[in-house]
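Each of the next two complexes has chain A plus one more chain, namely chain B in the first and chain C in the second.
Up next is the complex of A and B:
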């Protein structure tokens, strides 16, 4: 009669016991969220406003009698939105003395022809508004962003900022796009 | 083992189903010239059509040359006007798309 040979388990007594790979996989699964947590909190701070107006503050901008803080919401290239083209977000915070006078704010690449075509509208409360600005296909590097504000008294005021100043990432992206066109 | 795999797959599917959908809906409008007539197609990036949305053809001196509205098929057609003009898709303040006459597909630049 032969005796069956039992192979000794080298991992006996260790966590995971005989099968080690699920043990290692579980450690990896625990580490993965820990690696993503900093980015998660950065996103939460950005969207909740606790991290300020946006990722890249542009400072104060004067639009006629009104003042506001402007920021590039997220320092990234314009997002492809399919048929609607590429969209880039900016944030605006009206100063308290201006907030009660401004009815609506708009942004556009290039000078608007009329108030009706003033561009995309800022949405949200006056102290932290966002705009999803379409970047037209024909946009050339060196263009300016035009901010149009309409007051409750019917007055309209405008100001502009160079795209290269407002979003160097977008300016670089445009130069890259032009090269591939 | 198969049951565990099934449970894991169900969990992944449930997580995907709970993902918040994108809420943004950006307007778009494309126009093309065919046989002297311009046809514009409009809509929103979330798949919504443009039925009833205003589309005006405006001259460079701000005179509305052709006032129009999108039909149920989200299209509107009109005869190409003379001179320089732009087309304005107007779904309300801040929800506009401008198309300059030389950006119309099929127009000789």
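Up next is the complex of A and C:
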């Protein structure tokens, strides 16, 4: 036997060795943003209104003398916002003529008893306003959403839409909540 | 050399080696992702400047040297004249005077867009989307376009958690590089000694020169990670309180149609009177009849925007949010973003951030190259060693 020695590998412990290609696998992660580009532009269109009032249009709604378009902003379950509870967004687009007469619009789950309890107020330009509507977890399925509008002339008008029609996803979510209670 | 003096040297060598091993493992497995984030961030820093070069309509061309800039009211009436019926949501005066005003409007069909208005003539120079290249680069860099579920996106978690290996690389890099401060005075970049030597020299040189920049990026990004974890768990540290609304009795009634707001110039000057050091940079229109005109701008502390809420019916400044209204945690938190983007001092700082961003991207790339060349060399020398051993063994055997 000979006693020739092989020097110890000076790179022991360092990444690499025989198989180096796994260290380039993170390149594949870059495919993810590439695949998400169309979705990004769809969402951006939703926020700027170029994709329409909302993801799910509910059509025209008449509130007393005024007319508006209503939409479910995004088709998803109410979002848990911590202290604020579960929030669901709807979008409202007032007809230009109505926009000059309507002072404020509100939305609430269930019929409001007074104007002071009309619910969450819509915000944004009158042609595309949003509301962050709190959805109480105890809401019974089959409940209605009430839209209250207050005019600059002091008049108040109301209209309602079934929650199951306005947002089937929320209705299903409520049924699920009831099951877990 | 006796055993006593030899021991600490050996120990020092093994710890340095351990740091090198940690340093190599920190970024290498994800090097492409880290490189991509650094590169997109670098582009995002100057995305506004890129747009300025590409789109003449967003430039503020001054008709003559002494032309005074228009007030907000003049801008508003110019927009309303050009596009009747459109609702103005927001007027922004970019920090740098080379840019046109940005006026966000919503048309009757509910579509929002940005108008680029000449700040001196009121001419509408062009129309763009509310989301442009800047927003795309931010989304690509900040959360890899992974959609938000509520207020959080796991893309954000992924990107901001890269601050951990970045901070780790910074610390271990310093520990590996013995007496690195000497290289500030005696830089060494050997161009003709082979790729391995070049990339190694470059990696060390770029590393020591971007130490403060890496520290800023890693710290701010780490803070973004903490913030996102808090948001995910619905934990807030905000002292803002319940949103301010206008009292019902202060809003006119019985008018029939929309009541006009006070003039925007008046609102801006009222705010300026009350807070002389606040430089109004934007005006946000009330978002509904019970909401304020918000005038915002930077004061003495350049990293934070301060705001004042003006009642649009009686002109009273009803509430303010200034630097002094914020808690220490909020001050730190809100300072993190401008520190990360470098958008608070002018174009020179942006270009500096851009250069260091390029350097940081190159640092990631050169680190990977050092590893590639080093392991390639190591494998080669290992093979050579084995061959030499074999030939010498064969020679020995032949000689016998």
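Methods note: the second predicted complex is superposed on the first by the 154 of 181 C-alpha atoms of A that agree within 3 Å, B and C clash if a C-alpha of one lies under 4 Å from a C-alpha of the other, contacts with A are read in each partner's own complex, and residues count from 1 in each chain.
Rule of thumb we're sticking to: a residue touches a chain if its C-beta (ideal position, glycine included) is under 8 Å from a C-beta of that chain, and two chains touch if they have at least 3 such contacts.
It should be emphasised that the depicted structure is a prediction, and the values quoted were computed from it without experimental measurement.
Chemist: A:121 contacts which: chain B (first), chain C (second), both, neither?
Modeler: Both partners.
Chemist: For A:82 in the superposed arrangement: first (chain B), second (chain C), both or neither?
Modeler: A:82: touches chain B and chain C.
Chemist: Now for A:179: first (chain B), second (chain C), both, or neither, which partner does it touch?
Modeler: neither
Chemist: Residues of chain A touched by chain B versus by chain C: which partner has the larger set?
Modeler: Touching more residues of chain A than the other partner does is C.
Chemist: After lining up the shared chain so the two structures overlap, which partner does A:59 touch, if you call chain B first and chain C second: first, second, both or neither?
Modeler: neither
Chemist: With both complexes overlaid on chain A, does A:44 touch chain B (first), chain C (second), both or neither?
Modeler: second
Chemist: Kindly classify A:104 by the partners it touches after superposition: chain B alone (first), chain C alone (second), both, or neither?
Modeler: After superposition on chain A, A:104 lies in contact with both partners, chain B and chain C.
Chemist: Which partner does A:20 contact after superposing on A: first (chain B), second (chain C), both, neither?
Modeler: In the superposition, A:20 contacts chain C only.
Chemist: Touching chain B and also chain C: which chain A residues?
Modeler: 81-83, 104, 121-122.
Chemist: Note which residues of chain A are touching chain B in the complex, please.
Modeler: My answer: residues 81-85, 87, 104, 106, 113-114, 116-122, 132, 134, 138.
Chemist: Quick one: which bits of chain B touch chain A in the complex? Just the residue numbers, please.
Modeler: Chain B residues touching chain A: 24, 26-28, 30, 43-45, 62, 86, 88, 90, 93-98, 103.
Chemist: Residue numbers of chain C touching chain A in their complex, please.
Modeler: 17, 20-21, 24-25, 28-33, 36, 85, 87, 89, 106-113, 129-131, 135-136, 139-140, 144-147, 149-151, 234-236, 251-259, 287-291, 371-372, 374-375, 378-379, 382, 385-386, 389, 392-393, 396-397
Chemist: Contact residues on chain A for chain C in the complex?
Modeler: Those in contact with chain C are residues 2, 4-7, 9-11, 13-18, 20, 22-24, 26-27, 29-30, 32-33, 36-37, 39-40, 43-44, 47-50, 52-53, 69, 79-83, 93, 96, 99-101, 103-104, 121-129, 152-154.
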